[in-house]
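Heads up, the next two complexes both have chain A, just with different partners, chain B and then chain C.
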Partner chain A sequence: MKVEIKDLNKRLGNKEVLKEINLCLEPGQIFGLVGENGAGKTTLIKCATGIYKPDRGAVYIGGSNVYDNPVVKGKIGYVAEENQYFSSYRIEELLSFYALAYPHFSPERFRELNRLFQLTERTRVRELSKGMQMRLALMLALSQRPQLLVLDEPTSGLDPLAKREVLRLLVQEVESRALTVLISSHHLGDLERICDTIGVISRGEMRAVHTLTEMKVNMRKLQLVFPQGFPAELASWPEVLAVETVGRVNYIVTKQYSEELLGRLRQLKPLVLEEVSLGLEDMFIYAAKEGYR
Partner chain B sequence: MKGLLLPRALFYKEWKSARWGLAGLTLMLLLSQLLRAQRELNWRKEWAQGGHFVPAHHGYWFQDLLYNNSGLYLFVFVAIAALVFLLFQQDRRGATASWLNSMPFTKGQAYDVKWLTGAGIIIGAFLINGILLTAFYFINHDWMLEAPYRVVLIWTGLYLLFSLALYSFFFLVHSAMGHSLAAAVVGPISSLVPAFVMLGLRGVIYYNTDLAAGDAIYAWFSRVSDALAWPYLIAPGYVSDAQGRVLYPVFDNLGGRFLVLGAITVASVLLGRLLYRHNAVEKSGELLMVPALEPVLIYGFALCSGLLLSQLFGLGHGRDGVAMMNTLLGGGFIGGWLAAKKVVLYYRQ
Partner chain C sequence: MFQVDVRSSTPIYVQIKDQVKEGVIKGIFQPGDKLPSVRELSTTLTINPNTVSKAYQELEREKAIETLRGRGTFIAKSYRPAPDKERLQVVAGMLRKVVVEAHYLGLAKEEVEQMVDDLYAELGGIAR
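For the complex of A and B:
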């Protein structure tokens, strides 16, 4: 299902949390949302799921505005970071509630998934640990057979085995029925494993949206040592995103790596010019800090 | 959802939240009416078997017992406030509110189902009580003497409508507030405010002017205060004999009472729905969901604080203590304003 976020603005209290967000997610896309704490990720997710009413702009899902729209909301699976269910409910009661609420909810699918996670249906929600509640939330969301899955920090509280299982399930769902996924996480390694596109949000603004392949091609970290010190003009080259110096060694991070750039660098006659590995986490940090677009 | 106008899932949820309200309300009604009637009847039977004289007006004992139950008002008041709290308390917790608002229901549907579930519980409790009272009446028909069966219908109808009106009013307050515990306190208090304010203003005007207790303005304040007091709507009048002896209680002007209660119910439901539909989820947990009502709360609380202080500690001094009364009125107003402002800000943070 296509998701279009147009000129989205949201204020919480006196703080402008989202500013002019524009974004488009195609069916079958797994979109990862990253940003520092307080950047606006959860607010964006809450607007995208129709929980918050935007102050300006709108979120369209499958061409319809999501806010106060039960038909569209019936197609969205939402997993929040924080436990939210009625704590006195047993899991079996939550299943009944979901089966009544969602047109495509399948208790059979839930039980199938539960073979992996092994939750007892007679257990009350308040008796579950944080990790177990997250498993429950994920199973409920997947059993809705949603067309859009929105996940806010879904791997928090999960042990490594459960996390791997969850990520595997997500990929499987996307492959089997062109599910669109919007996922926010601080665990960049998780995002790297499953996302095809990443959006970097900072201080309420969408700083960058790139496919992972694009980022890996364009963002490179190069180690340089010059005999006469670092040439100052290099920092202002349009391809250079960031410059760091450690002793005599200089590092540049590119935002548009090319052979032509490498050729120009060689003309400066560096003593050392070699590429060093740049992890996804570093890419996001540079992207967020330096305004990579 | 599944094609229904009102989602069954919401009925399921609300029923699970408030089902104990049905048990509580039913039990309370049975204890306060049927059990009392049974006890009274047993006593009468024993009294008659002992050959004691039963005065003529005791022929209306059942009517008297049903209509004259001022204690029940308090119980109904508390039970309805608790019922509305049960319906709202889960939805106003931040994370739960977010989860529910991500689900396929409109705010209007959520409001309608919530109100209908609570109203159904109230109607159910009165229906059970009414059926049992009917059975009691006909089983013990020979002991009902002068009381016609319609007293059961009238009492049930009036108290049911009264309860629905009170319920809808509390519902309106909860719809405007983001903190259900605070709303459970503010709702009942605010239902008493209009009558209290009129009485307080009457006192202030009386002591600050040369007004006499028999003057038209004084009488007007008294009348309006009575009309704004909830218990007044279920207070019985009395039929007396030629010698002025009270024979039995009646609910006079029944049509007018039904009309007023119906109007309160409809107005509260419509206004509550309007407010609820504009509730912003992010304000869950704050004192007020509707910022425009902040001045009403702050100045209302300030006025009530001033009037309460002036009435509690100023009135006893009569006209000699007007200065003290006015000082307390002003001081209470300022203190109340500051306190209310602080509370609103605290919940906003």
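For the complex of A and C:
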């Protein structure tokens, strides 16, 4: 399902948590939301799932406003950061509870998914470890056969193996029926494998939204040394995003890398012209800081 | 057999494409061999299935692989990979570094050439 977030503003207490957020997710897209603690990720997610009422603007899912709309909410699978189930419930009791709440919930689908994790249905929720609770939450959300899956920090606090299993389950689900996924995390590393698009949120503002492929192609870091010092004009070239100098070595970060640009740089006769690796984390830091478009 | 480096500046779908082609050059894949399905590959690598689909679509457009409906994806029977331009550039770049380094060490051109000849002799099997 298509998700459109339009001019979203949200204030909590007297803090402006979200400012003018605009965002559009296409069906089949896996969107990663990154940002530091307190940037507004969870608030954005709670607005997108219709839990919070926006102060201004709105979130449209499949064309209808999600707030106070049980029909649309029935199509959303939501896995919160802390999953507040009735902790004394047994899993089998939760299943019947979910079947009451969600029209498309399928206990058969749950059992199918559970073949992998082997949770005993007689177990009470509070007896499960954190990782198992997260898997339970994900399985319950997938058993709703949602058209939109919203995951808030799904991998935080999981061991590497559990993390991989959770991501794997997600990948399989996306492959078998193109659902839209919105994931938040402050670990870029968890997201860069599976997301096609990543949005950076900082102090309540959406700083950058990019597809990973496009970013990797356009953003490169080059190491340059010039015999007569750094040509100042370079900093104002439209393709150059940032310039850094360490001793005699200059680094430039490009926002529009091309062979043609490389050719022009060579004409300036640098002693050294080499590409150095630029991690995804650095890319997003530059993108957020320097206003990469 | 597939391995992706998510940190690399090469997009993941390009890495997959390269590995298929490289696999054919090295003989890991023979024409007619079956490739893992999108589901299998995205699951084993835990990467976005759309990324795998994109790699396969481009390979198919380049006639390197073919998809038979209901049977899977195969290395094309007629596929003869050519070493591509980009890879040639990579090799040229590496050679350049070697030549510069050798020059600073005070090696003459003939000495470098001798070293290359020795290497070819040592690796005998790969010279064509």
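The working rule: the second predicted complex is superposed on the first by the 292 of 293 C-alpha atoms of A that agree within 3 Å, B and C clash if a C-alpha of one lies under 4 Å from a C-alpha of the other, contacts with A are read in each partner's own complex, and residues count from 1 in each chain.
The working rule: a contact is a pair of C-beta atoms (placed from the backbone, for glycine too) under 8 Å apart; a residue touches a chain by one contact, two chains touch by 3 or more.
Given the structure is predicted, the values throughout are model-derived calculations rather than measurements.
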| item | value |
| --- | --- |
| Chain C versus chain B on the shared chain A, clash or fit after superposition | fit |
| Which superposed partner A:220 touches (first chain B, second chain C, both, neither) | second |
| Apex chain A: angle to the C-alpha centres of chain B and chain C, given in degrees as a multiple of 10 | 160 |
| Chain B versus chain C as contact partner of A:183, first or second or both or neither | neither |
| Contacts of A:53 with chain B and chain C, given as first, second, both or neither | first |
| Which of chain B and chain C A:71 touches, first, second, both or neither | first |
| Touching partner for A:96 - first (chain B), second (chain C), both, neither | first |
| First (chain B), second (chain C), both or neither touched by A:206 | neither |
| First, second, both or neither for A:134, with chain B first and chain C second | neither |
| Where chain B and chain C come nearest after superposition, their Cα distance in Å | 26 |
| Common ground on chain A, meaning residues reached by chain C in one complex and by chain B in the other | none |
| Touching residues on chain A, where the partner in the complex is chain C | 28, 30, 164, 167-168, 171-172, 174-176, 189, 192-196, 212-213, 216-217, 220, 275, 277-280 |
| Chain B to chain A touching residues, read off their complex | 1-2, 7-9, 12-13, 16, 90, 95-96, 98-99, 101-107, 109, 280-282, 348 |
| Touch list for chain A against partner chain B, complex | 12-13, 46, 49-53, 68-71, 73-74, 76, 78, 80, 82-86, 89, 93, 96-98, 100-103 |
| Contacting residues of chain C [partner chain A, same complex] | 6-13, 38-39, 42-43, 45-51 |
